[in-house]
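Next come two complexes built around chain A: one with chain B, the other with chain C.
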Partner chain A sequence: MLKKPNLFKRIFMICCGPGKHQLLRVSLFCIFLSLLAGSVLLLLLGKNPFEAYRSILQGAGILPKTRYAGKKSQLTDFMSLLNYTTPMIFAALSVAVALKSGIFNICVSGIMVFSGFIATILVGYSSLAPIIAKPLVVLIGVVAGGLIGVLIGYLRHRFNMNEVVVAIMLNYIISYVVSFFIQTRFVDPITRQSVEVGQNARLTLFDYPIMNLKMEINLVFPLALITVFLIRYFITRTRFGFELQAVGLNSKASNYAGINVGKTVITTMLISGSLAGLAGVSYYLGSNASIQPRVLPALGFDSIAVALLGNTSAIGSFFASLLVMIFDSGTTYMSSRMQVLREIAALITSILLLFSAIGIFFRALANRYAREVEEV
Partner chain B sequence: MDTLVEFRHITKRFPGIVANNDISLSIQKGEILAILGENGAGKSTLMSMLFGMQIPDEGDILIRGKKEHISSPLVANDLNIGMVHQHFMLVENQSITENIIMGIEPKKRYFGLFPYVDIQSSKEKVRELSKQYQLEVDPESIIEDIPVSTRQRVEILKMLYRNAEILIFDEPTAVLTPQEIESLLGIIKNLRDSGKTIILITHKLDEIKKIADRCAILCKGKMVGVFDVASTTTQEMSALMVGREVSLTLSSTEHKRGTEVLRVEGLSVETNEHIRKVDKVSFTLHRGEVLSIAGVAGNGQVEIADAIAGLLPVKEGAIFLAGKDISGCTVRERIESGVAYIPEDRQSVGLILDFPLRENLCLKQYYQDPYSNSRGVLQKQEMESLAKQLISTYDIRSGSGVNTLARSMSGGNQQKAIIAREINLQADLLIFVQPTRGLDVGAIETIHKKIDELRAQGKAILLISLELDEIMELADSILVLYNGKVQTIKQASEMTKLEVGEYMMGVHVEKA
Partner chain C sequence: MDSIIIEGIAFSIPLFIIAIGGIYSEGSGVINLALEGLLGFGAFAGGLSYALLSSVITGNPLLLIYASLAFAMVGGALLASLHALMCIKFKANQVISGVVINMLSVALTAFLANQINASVFGQPSNKFLLEIFPKVTVPLLSKIPILGALFTDLYTFVPIIVVIALIMAYILYKTPFGMHIRACGDNPHAVAAAGGNVMKIRFISVLVSGALAGLGGMCFAYSISTTFSPNIYMGFGYLAIAAYIFGSWKISRTFLACILFGFARSAGYVLVQKLELPSSYGDLVLTLPYIVTLVLLLFFSSKTKAPRALGDVYE
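Right, the complex of A and B next:
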């Protein structure tokens, strides 16, 4: 009784099966599935899914809207998208780098709060000249984030503590300690958040007039782009990248080959932490200007799914960040234009994140089918 | 005798190779049939078709004269076919009984309502079976507490519990010590005498000679023939299986001992769980010498190797390499000062399975000139040319050259890759741990020749092996370890195999 794979299996294997560009195909398949699931949701609500997706793209500045308010255009929408994407790129890179070395860094949120807070109180409330203040903010982000990263790496290496547990605890510790200081020292009595940082320290220029338009210009977006390529080069081409991957794939064999596993783990977490720190400053002193006490940024957790959607590669993380943020920033426009509740619109982003996190499962499943077919 | 199993013109193809090419074979009831062949000759494929893990592309399998389509191990089970795999399939933290009944648990109901597994009667049945076939086990022991040989018995009991009539053993002796092998061979004979039919996949000729009735030889996917074991010599068998004449014993020439390379003084090693595995061991090793550490598995041999290579910390004592104490050095410092190490576990220690061959062949040199430049950037071209050179020199076979993932290579080729990498380090000291484990005669011959060659070049070689034959063949001097203590160190020529075996069992105690 020869078993021929059914049509569904065959299509699934074309999408996710082993072969050329399998990782990319799986990611695209995940995106497709989430769009499909979103369509079902929208159809249930009686909305036209194509129209809805178009409005998401319009909202994100990828497609032109029919009408624009004064001093706004497709370009301003697009620049706003880049502004919100920047912290996500850093956060996703942070997760991706750690995962390459076999470490699950879920402390991105905590590190973001920490580095954002340190930069806020050290530079955000100062009256330094912008030309000094802004680079200083970036530097503080890198250092503060790196410190937390090293702490996690050290605890894991020295005491063999599970980094996930450490990270969860650190998230809480950072969140509560920071909110203690905000509420006792830096609180804005009206918003109940930390006092807004000065324009001199912000990494995003809001309402910046260019060509009769009011633009949001994220000054660290170019840095994010450069970082993507740097990380890629670093992981695939350098000696340390070799060690990082070796340790991630097999730490026993790495130790046998003379690689200093502890040093590699700690250095990896230094880099991962620094990237999370950059995400923190570009979030709290960029797209936002204040810190909400006792709230960990959802972006830090979303970045895990984003990094997975991007196959933990640097370039992949960049495109996945962009895609998720297109959804994220486009849904606001969609909800107003299609008269869909904002929550429903946000749900579509969540579905995308959900499906992107299970790409690994699809890959494993497709590989299993492929083996079955081979055997038959 | 009746024919129990018949393969008729079986062909099985895998992408790129024909694993079994038109094989016909019939197996008689109540015999021990050995299936002999090199790695990749198609032995396992043929048997996995009988056990339902693979399905033949062409040809038929007849069981008791009836054509059967064995589509899964469950079907095989129903046909009373059982298999003991090379890697045991047991749940570590369950008891022997639980493992044996798994999948066919006898169920009873409390008050005729609540189902539960009737472990009590199963225990009795296991006990009975173990008595009947002289396979002593305690049905209540937990798998993780019992030694490898007992685990194998559990696997055999698992088949018997399922009323298997045809028992397939896939290289059952690969993991056993010489004494355990003896007792296993006894068990297999017993099983045959009580009417079971045994198929034994192996590449150890002496075992076949000892117990098998007939021997089917496969070579490169083709059936060479079925031979009567009693009237065929081991020389003939190995020639047929390799397709060429193999010299079973090396003509090891006398070498002059050179200067001292390694000196171990009062070495004690503890595992990470603070169990003392090596107790005050001292020895010296010279250029042009093969020192072999003999011992039953788990008596501290591997820990000595790990301590010299730096993978385990030295608890007491010192290790001198060319007169310099290296016991405090990092792994990398030791590699650089001339220690090459072929570890016991080639898959989880020796290689990074998800790295391509190129990276694996450079695993210990990637950071040095010319594989990395002074700014820490890898030079992939250089790595590739090294890998290509090693692949051709050592005849490492792989699907897609330097880009093949180590995971997809066969065990023999994985081992060749490790040996190639380590020899290429040009170290003065080479530590080989079980270098030929699980390899076929051809590969073993290559590795033994290589070791002999290295000795001739004046390298110092520490050979740790569980195969006494290998030790007797290669070693210049033999150190026997028992319970982490040195029993004796002697010139190989001063000891017989039997004596070494006695020392290994702790029978012979050296008088001071």
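Right, the complex of A and C next:
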């Protein structure tokens, strides 16, 4: 039967069909759809969507604002964006690495709280010199996170426990135990959070004067960038990275081919946990300075979907983190300028993640259309 | 002692109905990490209906309260239909879909609660105030020593939920439709070969799980804070997941797990009060259900029987 595909199908195939950069095109298509959905939402509220998106970009320091307060400029906004993006990059990498070998690390939030708490009590309240304290915080983050990661990997491999279930349990155990210690020993009676960590241990410099501006400088952002490339190299260019992906695709076949699956799973979780630990210290001793008891950071859960939006690749995770955090940090400015509720940004972000979760369906659908056309 | 039982029941029973929701969804083969979001959205829908209807239905607070329970079930089912659509129609990864639904639920309820409060009721707030849920003390039964506490100061949602739970258990284990659901979780291809519609059965199961989670969430909103507020997202959905895994996807065992969790919680709180410890010790009590589940899984994870086709995409 001869049938020419209609216009909609053809456009859809150009967007998501097989060919060069299919994964990237599908992601961009998902972003476009969610921006469209956000526009409809804004129109329903009687606001101009273009204006809203522009002020989000302005608030995040991507576009210049019309006016700035003293000692602030587009650059300070942008540095602030990088500051808040840093933990998200680590967290998304953590999820992405684990997903590559077929493991869902939904314990990122718990690991963040754990590593943040350990670093806070060991170094945050000490009077070590900054030059020692800051690297020590990073190191503790890596070690504490890695420990939990190895625990999950070991339980999964040795006892055949579902890592998602283990992660849920660990998340809450960590959250409540840490909350207990904070409320009994380290609570600030006014804020009801843990006592703020000292400036010597903090990984972000606030109000740092440069060129007559007050900057936020996240000292571990360069580390995050380096990690992105390291992970990329590690997964795509090394033998272990190959084994990791093989286990993710088919663990039984990998075992048959002589790959030590247990070792691979545990090492993967060691890396994933360490990355989550880094996210924890750069969150709790960086962009924030104290821990709110009984609260698991939403960032840890968002990172799952962010990694997915970035197609679980290292570079993709980086750009997806940046995109999501642009929305997050540009909202305050948008909501004050446009008289829209702050919550709308979180809503648009979760719509974006919703679409990225069905990206795989778009891809399959476009491939099917393409086959149909070929058959004709 | 009495307060342990009263508080324990008030917590266990809503948890139980949420866990039954999880069993329905996972029993049919669809992983449901979205319970947390579903119960929150259900509570939101119930709270909203209460706030909107309270100006229409005056003079009959009881009707209002029970109507809000029904709306909570509708709300939960509504969001669950999205999860079902993502998992069944769009073949998204079920774990990821669940996580995303949770995030969407938090964002959506926060946004809508603020927006509706501002534009309809003209006040900046993210809460809906509710009435205190009616309680009954059964005349004769409450006089029985110790067990009488089961019938003292009983929230009336407890008998409602128990009846619904019995019906759900009957449907799942004693009717052909229930068998289809369980078969979909174990071997969907066999169901298809026998002429069943796997996608439809799974879709209905997920909807049921949303409705039950919404009901449980609304009961939590009434019993814990008598408001709908973003504080509803306290991890009870995840606790329900722990409960049915603990009960290895069987309704009867899950009931015991929920009772255990609820009583461990209330007993812990009472203990903290009796020993005059600071309230922060309550946090340690809250870890108990999770630790018990983890340790139990450590020993029995090779024996727990999850539905065999759980998480498999059916094509």
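In this section, the second predicted complex is superposed on the first by the 365 of 376 C-alpha atoms of A that agree within 3 Å, B and C clash if a C-alpha of one lies under 4 Å from a C-alpha of the other, contacts with A are read in each partner's own complex, and residues count from 1 in each chain.
Everything below uses one rule, namely that a residue touches a chain if its C-beta (ideal position, glycine included) is under 8 Å from a C-beta of that chain, and two chains touch if they have at least 3 such contacts.
Note that the structure is predicted; figures quoted are calculated from it, not measured.
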Which of chain B and chain C A:Leu249 touches, first, second, both or neither: first
Contacts of A:Met161 with chain B and chain C, given as first, second, both or neither: second
First (chain B), second (chain C), both or neither touched by A:Gly258: first
Chain B versus chain C as contact partner of A:Phe240, first or second or both or neither: first
Which superposed partner A:Phe361 touches (first chain B, second chain C, both, neither): second
Chain A residues touched - chain C or chain B, whichever exceeds: C
First (chain B), second (chain C), both or neither touched by A:Thr184: second
Contact footprint of chain B on chain A as seen in their complex: 1-2, 237-242, 245-246, 249-250, 252-260, 374-376
Touch list for chain A against partner chain C, complex: 45, 104, 106, 155, 159-162, 164-166, 168-173, 176-177, 179-180, 183-184, 293-294, 298, 301-302, 304-305, 308, 341, 343-344, 346-347, 349-351, 353-354, 357-358, 360-361, 364
Chain C - residues contacting chain A, complex: 33, 86, 90-93, 95-97, 99-100, 102-104, 106-108, 110-111, 114-115, 118, 235, 238-239, 241-242, 245, 278, 280-281, 283-284, 286-287, 290-291, 293-294, 297-298, 301-302, 306
In the complex, chain B residues that touch chain A: 14-15, 53-55, 69, 71, 309, 311, 330-332, 334-335, 341, 343, 348-355, 359, 363-364, 366-367, 372, 376-378, 380
